[in-house]
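Heads up, the next two complexes both have chain A, just with different partners, chain B and then chain C.
The block that comes next holds the complex of A and B.
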């Protein structure tokens, strides 16, 4: 599976979140990071080039900071120029995901919260695009208040982000474990992660596995 | 009350709907029509100018054709450049409406329809902006399949559109009747509307008044 990240951010250099996410994709195979503002400094989108890029990939990810409850304007321009209803057949069978970075806490995105709507609700225009092209809409990958996260939280986020880019939408426990083992090998080879972080990550993964096993046992009990 | 229409459309000359709506605003007092693509052919928005324009008006209307379930990109750029949370106090007490033109039938914008979401749902990002600035969010003014409308339908649409721009959100019957009488005078002076159209409009308005009076009578009966 080939993943295309269409990144829209007018100031990637000044964003620690984007720097972190971009570093996380560098080592990944079959993941293309396409930064619109860098590729098109004048703002003029090349329709033919973009349509070819889209056709080549199986999973399309829009990645952006939340600007007025949507993407920065260049990603909207990309949509207006590149997306074409006549291509529904050519582009069928794709998956479509959103990685959205918000400066406000997640709890504010709900009825009664300061932002009154959930992120799912605010992203309806993208879900409608997925519906139009019959693409599988992936659960939104929201990153809230990255600046306040602990190092361990950031490392966990990195794993989840890489899984979002690379793994099947409804992956099995076995798939996730195999993927994680592969990732552990690469982490061991890198000097970025301290031993402490690695232990935390392994513990976390083991705990998730444990919970999943307990759930399976419960289901089996119910069936008996 | 002063109304500002912020119109975003890359090809107004080629749009019969926009030509129709623009003609409808020409005779209106206290309505400013501001066409972004015309004002900014290079796409570079003047923040200071736009913020001053916004501050001067009481009712802000975003008017645009639906492009991928949102506005064309220049209106998004306008939002990114002009809107500023720090101005909440300066900009308080405004009303905020959306005039959205769709080529697809209204019945498709619902669960089970081809577009799966209502226009209210698709416009959540704008509603969230109104919420952020504590502006009163007006019911969306949707125009669906304008090209297929009869002349009478178009004339009725014109009246409703002018009322959307100029009248209070929850205007009384007396207010609407007074406004309509004034409008009839201007219509009589113009050569555009045929006598037949005028009679239709008057009949329509009388019928609305009749229904409202019957409702009031019913309410009075209930109270007795």
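The block that comes next holds the complex of A and C.
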């Protein structure tokens, strides 16, 4: 599964959230980060190039800061130029997700909150696009008030974000375990032999636990 | 099972003392959460299995 992040942000260098997220994608396999404002400083989007990029990825992620309950303008321009109803058949079956960054607390995005509408409601036009193109719409990955997060929260966010990009909706315990095992393999490759063995042991224990869980579930199913 | 869980968490803590990057540290911290989730699930399923095997419903049939 290849993931394409279409990032729109007019000032990426000045955004600590975007810097944090961009750093988190650097080591990931099969994840392409495509920053629109960097690629198109004049704002003129290459339709053919973008359509080819879209075609070669299976999971499309729009990543942007919330500007007036929508995206920065270049992402809207991208939609106007690139999306094409004639491509519905060619592009169907992809997954589509949104990583949206908001400066307001999550609790305000609900009926009775200061922003009144939920993020799911505000992102409805994107959901309609996903529906039109027969793309599976992933739960929105919202990041709220990043600047106020504790270090521990940021570290958890980093891993959840990587899993969102790489696993999409496949986030059962078994799938997340397999994801951690793969990450451990790539880390251990860069380590000296003694650490390599330690990491291997951990990886093996995760596997043993997973097999035990499957065996217990199997036994319970048999008894029912 | 508890001993094994503690051993695993201690091993991850040992790796945490030697991390070389922020991302690696984040990975180990979230891994500890996953390990706890695995053992919780194991405990729940084992409990469920015990409950099923010792159900009075089954006794009457013997």
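Convention: the second predicted complex is superposed on the first by the 179 of 224 C-alpha atoms of A that agree within 3 Å, B and C clash if a C-alpha of one lies under 4 Å from a C-alpha of the other, contacts with A are read in each partner's own complex, and residues count from 1 in each chain.
We adopt the following convention: contacts are C-beta pairs under 8 Å (C-beta built on N, C-alpha and C of every residue); 3 or more make two chains touch, one makes a residue touch a chain.
For clarity, every value in this text was computed on a predicted model and none was experimentally measured.
When the two complexes are overlaid on their common chain A, residue A:117 makes contact with chain B while staying clear of chain C.
Of the two partner chains placed around the shared chain by superposition, chain C is the only one that A:180 touches, whereas chain B remains out of contact. In the superposed pair of complexes, A:201 makes contact with chain C only, with no contact to chain B. Contacts of A:217 after superposition: chain C is touched, whereas chain B is not reached.
Looking at the shared chain after the overlay, A:68 reaches chain B, while chain C stays out of its contact range. In the superposition on chain A, contact of A:156 is made with chain C only, not with chain B.
A count of residues in chain A touched by chain B and by chain C gives the higher number to C. Taken in their complex, chain C has these residues touching chain A: 4, 8, 11-12, 14-15, 18, 22-27, 29-31, 33-35, 37-39, 41-42, 45-46, 48-49, 52-53.
Here chain A touches chain C in the complex through residues 23-24, 27, 152, 154-156, 158-160, 173, 176-177, 180, 183-184, 187, 195, 198-199, 201-202, 205-206, 209-210, 212-213, 216-217, 219-220, 223-224, going by the rule given at the top. Taken in their complex, chain B has these residues touching chain A: 43, 67-74, 76-77, 79-80, 83, 115-117, 121-122, 124-129, 131-132.
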